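The structure appears right after this line, and notes come after that.
Labels run A, B, C, D, E and F following the written order; every chain starts at residue 1.
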Amino acid sequence: MDTGDTAFILVSSAMVLLMTPGLALFYGGMVRKKNVLGTFMHSWIAIGLISLQWILIGFTLAFGTDQHGLIGGLDWLGLNGVGMDPNADYAATIPAIVFMAFQMMFAVITPALISGSIAERMRFPAFILFMLLWATFVYDPVAHWVWGIGGFLRNMGALDFAGGNVVHISSGYSALVAALVLGKRKGLGKESMAPHHLPMTVLGAGLLWFGWFGFNAGSALGANGLAGMVFVNTNTAAAAAAIAWAFVERIHRGKTTMLGVASGAISGLVAITPACGFVTPLSSIFIGLVGGLVCYIAISVMKAKFGYDDALDAFGCHGIGGTWGALATGIFATKTINSAGADGLLYGNVSQLGIQATSVLVTVVFAVVATIVILKVIGLFTKLRVSEEQEANGLDLSLHGETAYSEFI
Amino acid sequence: MKKIEAIIRPGKLDNVKDALGSNGVNGLTVTQVIGCGKQKGNTQVYRGVEYTIHLIPKVKIEVVVIDSDVDKVIEVITQVARTGEIGDGKIFVSSVDNVYTIRTGASGEQAL
Amino acid sequence: MKKIEAIIRPGKLDNVKDALGSNGVNGLTVTQVIGCGKQKGNTQVYRGVEYTIHLIPKVKIEVVVIDSDVDKVIEVITQVARTGEIGDGKIFVSSVDNVYTIRTGASGEQAL
Amino acid sequence: MKKIEAIIRPGKLDNVKDALGSNGVNGLTVTQVIGCGKQKGNTQVYRGVEYTIHLIPKVKIEVVVIDSDVDKVIEVITQVARTGEIGDGKIFVSSVDNVYTIRTGASGEQAL
Amino acid sequence: MDTGDTAFILVSSAMVLLMTPGLALFYGGMVRKKNVLGTFMHSWIAIGLISLQWILIGFTLAFGTDQHGLIGGLDWLGLNGVGMDPNADYAATIPAIVFMAFQMMFAVITPALISGSIAERMRFPAFILFMLLWATFVYDPVAHWVWGIGGFLRNMGALDFAGGNVVHISSGYSALVAALVLGKRKGLGKESMAPHHLPMTVLGAGLLWFGWFGFNAGSALGANGLAGMVFVNTNTAAAAAAIAWAFVERIHRGKTTMLGVASGAISGLVAITPACGFVTPLSSIFIGLVGGLVCYIAISVMKAKFGYDDALDAFGCHGIGGTWGALATGIFATKTINSAGADGLLYGNVSQLGIQATSVLVTVVFAVVATIVILKVIGLFTKLRVSEEQEANGLDLSLHGETAYSEFI
Amino acid sequence: MDTGDTAFILVSSAMVLLMTPGLALFYGGMVRKKNVLGTFMHSWIAIGLISLQWILIGFTLAFGTDQHGLIGGLDWLGLNGVGMDPNADYAATIPAIVFMAFQMMFAVITPALISGSIAERMRFPAFILFMLLWATFVYDPVAHWVWGIGGFLRNMGALDFAGGNVVHISSGYSALVAALVLGKRKGLGKESMAPHHLPMTVLGAGLLWFGWFGFNAGSALGANGLAGMVFVNTNTAAAAAAIAWAFVERIHRGKTTMLGVASGAISGLVAITPACGFVTPLSSIFIGLVGGLVCYIAISVMKAKFGYDDALDAFGCHGIGGTWGALATGIFATKTINSAGADGLLYGNVSQLGIQATSVLVTVVFAVVATIVILKVIGLFTKLRVSEEQEANGLDLSLHGETAYSEFI
């Protein structure tokens, strides 16, 4: 055990935890005044529920003894046997319980990310059920495939340093499906649905950027040179994507917006997530620039064209950005940065891009199918969508009986 | 007594208030409003989605005065709030039957 | 000239504005208000303490028009803002003595 | 019918609303306003720079009632909103030509 | 000296510092618009004053050479002798100055917690005096009793890992006393006193949760397996209590609120504070669930019944939650988690629960009596409560001459 | 390499990054509603642009092989050769890439600080150009002079632990120049320009305080006793300055404001920045008290007297506070705290104060002249200031086409 590594992962875990309240702000600022608390709830209830789900069952499903490459066994049910000693399989220098805690924060934020697409219209009981089922039947298996010892995508050689497949692709495409199943918000395109509080969104973006250092650099599972490189790659891609978004907005619309810069930063953070431990800082610039660009196109052009209502762009940001990131890893990865990784296309290894593409495809297909099934099953028991009246009155009042701001006191 | 309602640009509020004050009109009530008319709104783009905001922030000043003060008030407001650009706003004059001062219970013109 | 004040549901604002516009009424002023009437308020619970909110968010639209337009405006608003549920709101019509356009100094009907 | 507009202290809103309610007046509309008059504003200092805030937060209550209710409403408001200190506010009474209930289409006194 | 441990405690100290501005937001969102800055002030002036009080006198009173088990001596007055070398009595692997800094942050937030009960009505000079006297005559001694070498509660075997007695019980009951002495807010029960800005409160709760990892896990005074276990227990209890609150609210009132989830999380964090270094994660679930439940009952039922005006529930949350936590420690503690601790009732050691109960009782009685005395003494020199007019106009304008928001610009 | 030190600097870097979004809030709350996002933009675009500038060219200009004491060579262009191994010249126990990342965050926030003085009236393209040129031609050289091996101020013996000269003096005086060149805001002194959202400013101050621990203590470049001492000095000076400001406000104006306490805290943090690694905690109290006082006088008295429009007091806070801090270092520094430092006036070494004064003078003259030149050059290509109409409508709408809050939904 190494105290420096342990200190770093403990703090990183706290930083990743903070991302979920940060996400609540990021999303909450973009909805209408009447839906702020309902939107916050999606993130906060994820913290509550998935924290418990993870220690009871999720961790062992993801990281327990491999079963045919598909899922972890139940050996660590209820954290049984997960103690203060390191588990060398995953992280030889930090206590197993710390590794578990760090991974928990990833499991918490991922379903919360999905909530962006179904904002302003999903019923709360349905959302709770969805989150629990999705965490158990989508997140946990995918985490096992990619990161678990014996997981089939890991064995295949797929590279995903901090969660491109596990976190962003899985949540992003599931978000698209959920948006399609739920349908559009009432009045979309007719009424103004402009963000009600952009400073809140920008504050959320700031907390997300901060926490992302824990997310990505912490995934080195130690305080070492690799963590340092990951840190720099993360910051660089975020910066590059923010600039790219600002620039393309300026060209396309004539003005650079604060929301655009914040959105760009998040896109860059998403894009670099799978790659951050395998690429150079200069590659990160490129990954970030393209990340900002493709997310901009997805959100500003593609969404309008296809007409789905991905309310807060969970798919546009995490689905698209994550896909680009996973492929980019197959292009820019180099063993000079991480000898435990692989070389990518640019470094002469064409096959890595194929592996990455396969892993994306597998994750997308699985996430899409599983999300459809889960939503259909939930739909058998309870309505997914609020009534027209509830939607008109806003989730805050109709679902939670409270209002975010009291203007008249 | 008359009520004068002036819808003006928010940036002109301080000036109008001061100008009225130096003309002896000290009582007034202000409301934040949005409005449209000849002035065209602006387009805001959020993540690539355009929202044309037709309703533009304005400020409504309400002053209740005795009949003989009406012309003076209108002149002051018209002068001070004018920029000459579309969107300077409107003034509406209407009749008030009676006025009461809550503190004293006084009514009529002496209540002003 | 008449002033028409309509208290409507906030969600109907855009529709009413558009409907008025396509009927040639382009000038209007909007205020955020809260109100009560037959519609019962809602109960909000904060840490177990109940607050009954009697005053419900509404939007007030003010339109000043020439007398001959009054009926049209009322019809448009009544149609577009109606849901049939309690709380749709009220329209008040009152007389306006005079109107001024600050930008031009014009007054009377041509000021509208 | 008459419209009664009362500008009162924000802290008195609940009391006035309740008092009107127990006198059978249930419909009213409230707006957040700021105003000035005899009450002097307060001085706020931000990093050593003084800003005198002349316009003080108030609340405007609008009630439209049939003519015979006017005196009662004024009495209730005057009593409940009074503290005796400068700044209690004003009540303005004016005439309303007609009232419509959007939900039913009813007009005139039965629309109230 | 160990750099990993030092890194962890330095960062933990920063995280605990952040809790006080977080508390300002948490409390500030719950008051009326006219009292936001006055409420913020309570927390911020605590940071200013107690940071100085602590280095000048507080630290040595709490951790200086023991005097009859009751108080520390004045050997470290003005940090004299508190340097860069470790003090093995308290933390052998980190510089003494770092231990001092970490403890400082606890001393800062504790009086700020009290301010929740007297919100919206206490005069500022009286609050300043109260805080200084309370820190010196209540916090410092209690910290010595529980954590100081030779402190009598410590010697008695009372377990308080991160401040159940020292922080939450002491502040919670003092808050109740202060609320009773000051009397109710004008208009309580008649006017609406609904929170003016719930997103602010939720943001505050997020920062508190984040900081609490430093608070609790940092109390392990090293980056080790125990710190990891504490981290997990902390998160688990917070999650469980958030869910418990949401659930009971749903049963009791029909709807789950965002404020409820945030309040529940804080209750769980309070409840686990004394226990976090002695119990298992599964016990933490239980401690959290009950913590959420008892705080809900205290705040939603008991407060209304008894009619005291604990405005922002400093007592309901910290007094009640802390009491439950201290007792729960006596039930669930196990030496398998912390060999330096003790076994609790569940592990066959009935007496530990008695010890815990005694330590609670001693703390409560002392805090109550001392707070009464302090407030009475202050009352001899200056008024405790603002005038009716000041209260009506709000603290921001009448005490501080500023307003939180300027709506009309 | 030491994992504890590395963990500490990685986390410190993340904390310093968070300061820039914190600064956005701090500044954003003080402007009028119509300029919030434009003000945020100044900080956010700094993160984007300077993050890239730094890895491409800035780092090597500041820390590359010395050229005549004036600037670093281009050996590390594009991070070429900056890897996972330590560079013993600067930090022997952490990877070079981590040292680079930590320094990057300083380079990012410094130009953002300047934006306070030109708030509410500068054109965005001009601001972008200004920032890039200023970072390259002012920040990078000054950083080299003071911190680079071979830098002439460093060789002269000037002490600047965490950026008194490099960060605060350079940005503060440049901010004054920029305010003078741009001229006053329209309506200054006639219309109310009261802060539109003080809770936002106070939240920003909280995040800044938190991040400043990384900024200052991280500058020890290791998790050790010195870092601990720096941590305590930082907190102490901030606390003392907050109290000083509150106190003098009370004397001078009759009331203590929340904005004053927050402003005081920032002044204290600025003042202690150069001194924090060389002085005792008791000296820090004095440095903080005087820091709060002189900044108060600069902002509340001097600014009004001279009539420049330093809108958010970038000069009053960073220029004045930084100057005092640099001089105070020459007075209070003692080798008992840091043997690598020097003794100051109080410890018998009169010359140190002279050295400090010289280094201040050099930095001020250079920053002033360079800023004038840069602004004049930019002025040849594009207008610096928005049109009257844009200023009246607010930067958010006229420059960025968005509004911070949508009130009517």
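Everything below uses one rule, namely that contacts are C-beta pairs under 8 Å (C-beta built on N, C-alpha and C of every residue); 3 or more make two chains touch, one makes a residue touch a chain.
Labels paired with UniProt names: B, C, D = P-II family nitrogen regulator.
All values derive from a computational prediction rather than experimental measurement.
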Task = Look at both sides of the chain E and chain F contact and report whether the same residue positions are involved, with over half shared, or different ones.
result = different
Task = Tell me which of A-C and A-B has more C-beta pairs in contact.
result = A-B
Rounded Å distance between chain D and chain F, as computed from the means of their C-alpha atoms = 50
Note = chain B and chain F have mean C-alpha positions lying a whole-number Å distance apart equal to 44
Remark   = Expressed in whole Å, how far the mean CA point of chain A lies from that of chain F is 33
Note = Flagged in chain D as touching 2+ other chains are 30-32, 34, 44-46, 53, 55, 94-95
Note = Residues of chain F that touch at least two other chains are 2-5, 7-8, 11, 15, 192-195, 197, 203, 253, 255, 257, 259, 401-403, 407-409
Inquiry  = List the residues on chain B that touch chain F in their complex, please.
reply    = 11, 14, 32, 34, 42-46, 53, 55
Ask   = So in the complex, which bits of chain F are touching chain A?
value = 1-8, 10-11, 13-15, 17-18, 20-22, 24-25, 28, 36-38, 40-41, 44-45, 47-49, 51-52, 55, 78-79, 83-85, 94-95, 97-98, 100-101, 104, 124, 197, 200, 203, 396, 399-406, 409
Remark   = Per the touch rule, the chain F residues reaching chain B in their complex are 187, 190-192, 392, 397, 401-403, 407-408
Key: Of chain C, residues touching chain B in the complex   = 3, 17, 26-32, 64, 94-103, 105, 111
Ask   = Across the complex, what residues on chain A touch chain F?
value = 2-5, 7-8, 11, 15, 32-34, 93, 192-199, 202-203, 205-207, 209-210, 213-214, 217, 222-229, 231-232, 235-236, 238-240, 242-243, 246, 253-259, 261-262, 264-265, 281-282, 285
